[in-house]
Amino acid sequence: MTTAGESHGPANVVIVDGCPPGLALDGEDLRADLARRRPGQSRIVSQRLEADEPEILSGVFEGVTTGTPIAVLIRNQDQKSQDYDAIRDKYRPGHADFTYDAKYGRRDHRGGGRASARETVARVAAGAIAKKLIATAFGGSVVGYVVQVGDVVATLAEPVTLEAVEQTPVRCPDLEAAARMQALIEAVRKDQDSIGGVAEVVASGVPAGLGEPVFDKLKADLAKALCSIPAVVGVEFGSGFAAARQRGSEHNDPFVIEGGRVVTAGNRHGGMLGGISSGMPIVLRAALKPTSSLPREQATVTRAGEPTTLVTTGRHDPCLLPRFVPVAEAMVAIVLADHWLRHKAIAG
Amino acid sequence: MTTAGESHGPANVVIVDGCPPGLALDGEDLRADLARRRPGQSRIVSQRLEADEPEILSGVFEGVTTGTPIAVLIRNQDQKSQDYDAIRDKYRPGHADFTYDAKYGRRDHRGGGRASARETVARVAAGAIAKKLIATAFGGSVVGYVVQVGDVVATLAEPVTLEAVEQTPVRCPDLEAAARMQALIEAVRKDQDSIGGVAEVVASGVPAGLGEPVFDKLKADLAKALCSIPAVVGVEFGSGFAAARQRGSEHNDPFVIEGGRVVTAGNRHGGMLGGISSGMPIVLRAALKPTSSLPREQATVTRAGEPTTLVTTGRHDPCLLPRFVPVAEAMVAIVLADHWLRHKAIAG
Amino acid sequence: MTTAGESHGPANVVIVDGCPPGLALDGEDLRADLARRRPGQSRIVSQRLEADEPEILSGVFEGVTTGTPIAVLIRNQDQKSQDYDAIRDKYRPGHADFTYDAKYGRRDHRGGGRASARETVARVAAGAIAKKLIATAFGGSVVGYVVQVGDVVATLAEPVTLEAVEQTPVRCPDLEAAARMQALIEAVRKDQDSIGGVAEVVASGVPAGLGEPVFDKLKADLAKALCSIPAVVGVEFGSGFAAARQRGSEHNDPFVIEGGRVVTAGNRHGGMLGGISSGMPIVLRAALKPTSSLPREQATVTRAGEPTTLVTTGRHDPCLLPRFVPVAEAMVAIVLADHWLRHKAIAG
Amino acid sequence: MTTAGESHGPANVVIVDGCPPGLALDGEDLRADLARRRPGQSRIVSQRLEADEPEILSGVFEGVTTGTPIAVLIRNQDQKSQDYDAIRDKYRPGHADFTYDAKYGRRDHRGGGRASARETVARVAAGAIAKKLIATAFGGSVVGYVVQVGDVVATLAEPVTLEAVEQTPVRCPDLEAAARMQALIEAVRKDQDSIGGVAEVVASGVPAGLGEPVFDKLKADLAKALCSIPAVVGVEFGSGFAAARQRGSEHNDPFVIEGGRVVTAGNRHGGMLGGISSGMPIVLRAALKPTSSLPREQATVTRAGEPTTLVTTGRHDPCLLPRFVPVAEAMVAIVLADHWLRHKAIAG
């Protein structure tokens, strides 16, 4: 996957190279997840209006992938670049304005340019292709959901379905917690503030054997994929940070035979051992910081090094989690598709 | 960096390609960190005896790097492969025995083969080169230390030095906590058990501007590098998972001018914004699960699918954290060196 | 550089990642070379009509590159896909119809799909960026020209300029030979046939030191870049195949001092020694086979394995050389830009 | 494949990553080709004495590959570094001395360091693994031979076998031409000179469908692999440069059905169409310049920029072709193995 595009440029584009031939694919396959990521879908997200209509430019012939690169173009529509004139020469706290200047000596300041989460629209398009590939290839599926917003933590008893996730705009399948999360998000927005949270992603149906032994462990590539998404500040697998308090005798998942195949009793290991999938569900969680853009005054400095203040106008999500879910799912699906292809190369 | 080698094979080897010419380098540069990773260094780690003597095979001429690939060879010495005969056909819980069989249809079972943490000896050798490079190139340094073992959590007031880390075999600079950690590790070992923990790594002196904007964000590559190390089950940056509970108004670090340059008041962002270094110290933490190998009986299955039990003999660390520290430092230094080279390519 | 697009799909697109910031760039920079590659530019090339208008989608802000990926979109316009219905189930001799079917089990047969030289439009767009980069960075320039069509061989006395190349539609700076080449091309076209040839490309102003020592030698990457272009069947550097008949004492170029710097007397080595640029002009030649598409009847087989015949309709170049020149220049410029960036990483 | 090592350093090493598990492999598999490349094998090659004994360090367990990286170590023995003291500060014509200095600001001058053809010993070890892989996987084989030395050109009527190649030290299966080649090589050596030549490599049994459509065409990767070998100054496929004189009607190979499968009548296309293998034998030729090292006086300059002369002592091949053959075969086998794995990923 290779992408290009800025928040307020003409378009975002993604090229997916290496998708096997013979996969049925059309724009409809991409639209469902793009709609889940789209701004304006509910009161608790950014009100920027984008059709996010994907145009497949290549790699699909008569409704089926040909094996050649698939390019998808998504035009930007509702840029209000003048909203950003005030930050042309000011560094927004928590944003990449300063670091881009430090790196490149210049930046497209409009809407955050390449550093805007607008670029994730291209990932979701690619992720929809990956989801279709892993479903077709090995019956794999990926579902994400919000498990924490601020101090509100969900309680989940059983495997979560996409339908359960989509019941609420906050994308938390614990309906009681979802209601409190939504109330919290609306409260911080009224308070001209923002709030962080945690999402969990589960990949089911993944066969044992995906992942490479050392540097390209499946967990390593998943960690990279998740941490490449804006605002992610942590990722954990299975028991995660809670494992730091555990003893081996309570953490280890014993192997047992179930239905004639090797599985584990429990899944504290999160579906990967030695960096290679075990056949159990892959379970990971990502922590997101609160949205950096705030409609309240913050202290900062100018490019020239003068102290100043700024109020971020523009349209922003008071909590990033609800729209993060499809992006996280996309990245997980892409990593799984990649590793499935790599695995086929040596063991196909 | 490319590595090869198994726990009980003849040797581990690493090839470092892309190291700039002109860096003074000899075996002595590698030995200090190799000694910190070496088994047998204290009572609380594995008692396998390895000299871990590095032989530089190439890329250095008259004590200085030439710009061509640097290969380092480290022979294995103290394999007790017969200790592992019992697991030739049994899957150790928490280990990669089953997943390697699922992937490759076979495995070198002796000492865990390629899945053994023995391979990290090659990373530490490469990391020593990277540390020297970043020190020479931009005055960068990387120091890691243990901040949690089980329920024992360190309290740290100020920047940690290598000297402070090396005061105790547990590598926790909070001496009071270190004593309790060591007692805990010895207790779990007597109890034929193991315990998890958390290490923190700080990279100082890193200039603003390292990292790529989207997929190869610095935090993404650091997350991958850390999660490629055996037993790591989570990684977080700056505030990390605690940011999930924070509001933007408390999380954002305001920019200020200090000594004529742009810095932030506070470092909740952990030294990276938009995936690019900010010039502030890079701060990350990794969670490690408890050692999977236990000298007590555990339930499992055989390759043939029969229930059985096993007791892991061989020599193992009851807590992985003390020897994890130099490995984590190595991986951080390597990522920083890579990104510094990448940055020079476009902005040098 | 990553590209996507088929001959008769909606568009071709290229993403150029890694272009340094601060390079002045707009559509005008791309149009000159696109016009040189465009079909319909003269009587001796394909009469397909394409505006080949480039749309820069990203990576450029206020007329200057930002350092983020540059995407360029070029829509296809004059597809006459029905011309290709006859080959849906027949394998054209010399074409990739059969090999794509063998690889992918299917293909977009319209105009050759991804195997069409239509994809080179994306390379020329990227090459224009690379040309601008190497000119700005080190005063480098790349010029190509036709030195042989069939039995007509050009005689060239001195360095060739772009102006000299563009004097004739056949792009041979030896005007007398150019006239005979053009006559030959028109004769083979009337004869419903095609003809091969050789182009030479010279890169001037390239500093000594570009290229990697072993696998990524500059000559290796140039050979790959040239041989990735459709119809190229050979590439040679400096003396090339003629060196097979030479003795060392006549082939070696002695080093001499000229204007205070080390140069060679003569350039039989073609500007690279040990795979690294020597500072002398880089000189290479590529041989192209005659166009495979012929408007005369040829024997072949169907997908079902039945013998048949076909006449290729559609619009084709009777000789590929004139339009090959800008494509070859683009690929050489891209390789030089890449190696300049790689070199800066370690020696910048 | 990743390699490291200098001509006069302690050793050369190669790491082969991605070799599938289950391939029977031991040192014996590597020794045959290493012996064909070894210096001192006949009167017409360099008299340096090297055992070239390979030590497999990893990736093989109980005689079978495990799927993890295979490292092979080959120690250097017969360095006579003092032979090279004279060139510490002089640039040998035709060598990489000057370009390495220009790139790196320093070099290991002993025996040419990394630029010496000594590094090809690592390629031949990796190539032996690749040969075994392609033989096991699809019955593929690669055989190379010398077809030209100076003005002596071989005439070959039918497919060449390894046995036919190994009949003479010059590795030309046309015995009459071989005798004249050998006489020529001995004559130039007595004349303190060297001579160039051409080798042909044929890969048989390669299934249709290997290769990628655009940048990683099979012919592109083969061209790169061949041109990465020291002294190669040109490469061509099938008809090669002779195709420049051909018309389409004589060059195109018609498809026909033979034994129920699609083949071509003739093989002017050299086994690849659209960059993808056609199932016909892959045929390529590489031109090598005459050895640059000459035991006669040549004019050159010093590092300090002073005119001087030098006589290259040390031990050198008066003609590189005989020992080039196994190196070229190795590189072709490696590229085929790589593309077979890539092909399996999407179509396995």
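The first chain written gets the first letter, and so on, giving A, B, C and D; residue counts start at 1 in each chain.
Note that in this section contacts are C-beta pairs under 8 Å (C-beta built on N, C-alpha and C of every residue); 3 or more make two chains touch, one makes a residue touch a chain.
Note that the structure is a prediction, hence the values are computed from the model and not measured.
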Interface with more contacting C-beta pairs, comparing B-C to A-C: A-C
Chain of greatest Cα-centre distance to subunit D: A
Centre-of-Cα separation between subunit C and subunit B, whole angstrom: 46
Distance between chain centroids, defined by C-alpha means - subunit C, subunit D (Å): 26
Distance between chain centroids, defined by C-alpha means - subunit A, subunit C (Å): 39
Sites on subunit B at which at least two other chains make contact: 3, 21, 67-68, 103-105, 114, 213, 347
Subunit B partner contacts - residues on subunit D that touch it in the complex: 2-6, 9-13, 15, 17, 21-22, 55, 57-59, 61, 64, 66-71, 73, 103-108, 113-114
Subunit A residues within the subunit D interface of the complex: 18-21, 67-68, 213, 341-342, 344-348
Residue ranges of subunit D in contact with subunit C within the complex: 1, 3, 91, 93-96, 98-100, 102-105, 114-115, 119, 148-151, 188, 193-198, 207-211, 213-217, 219-228, 230, 232-241, 243-249, 251-257, 260, 262, 264, 269-270, 272-279, 287-294, 296, 298-301, 305, 307, 343, 346-347
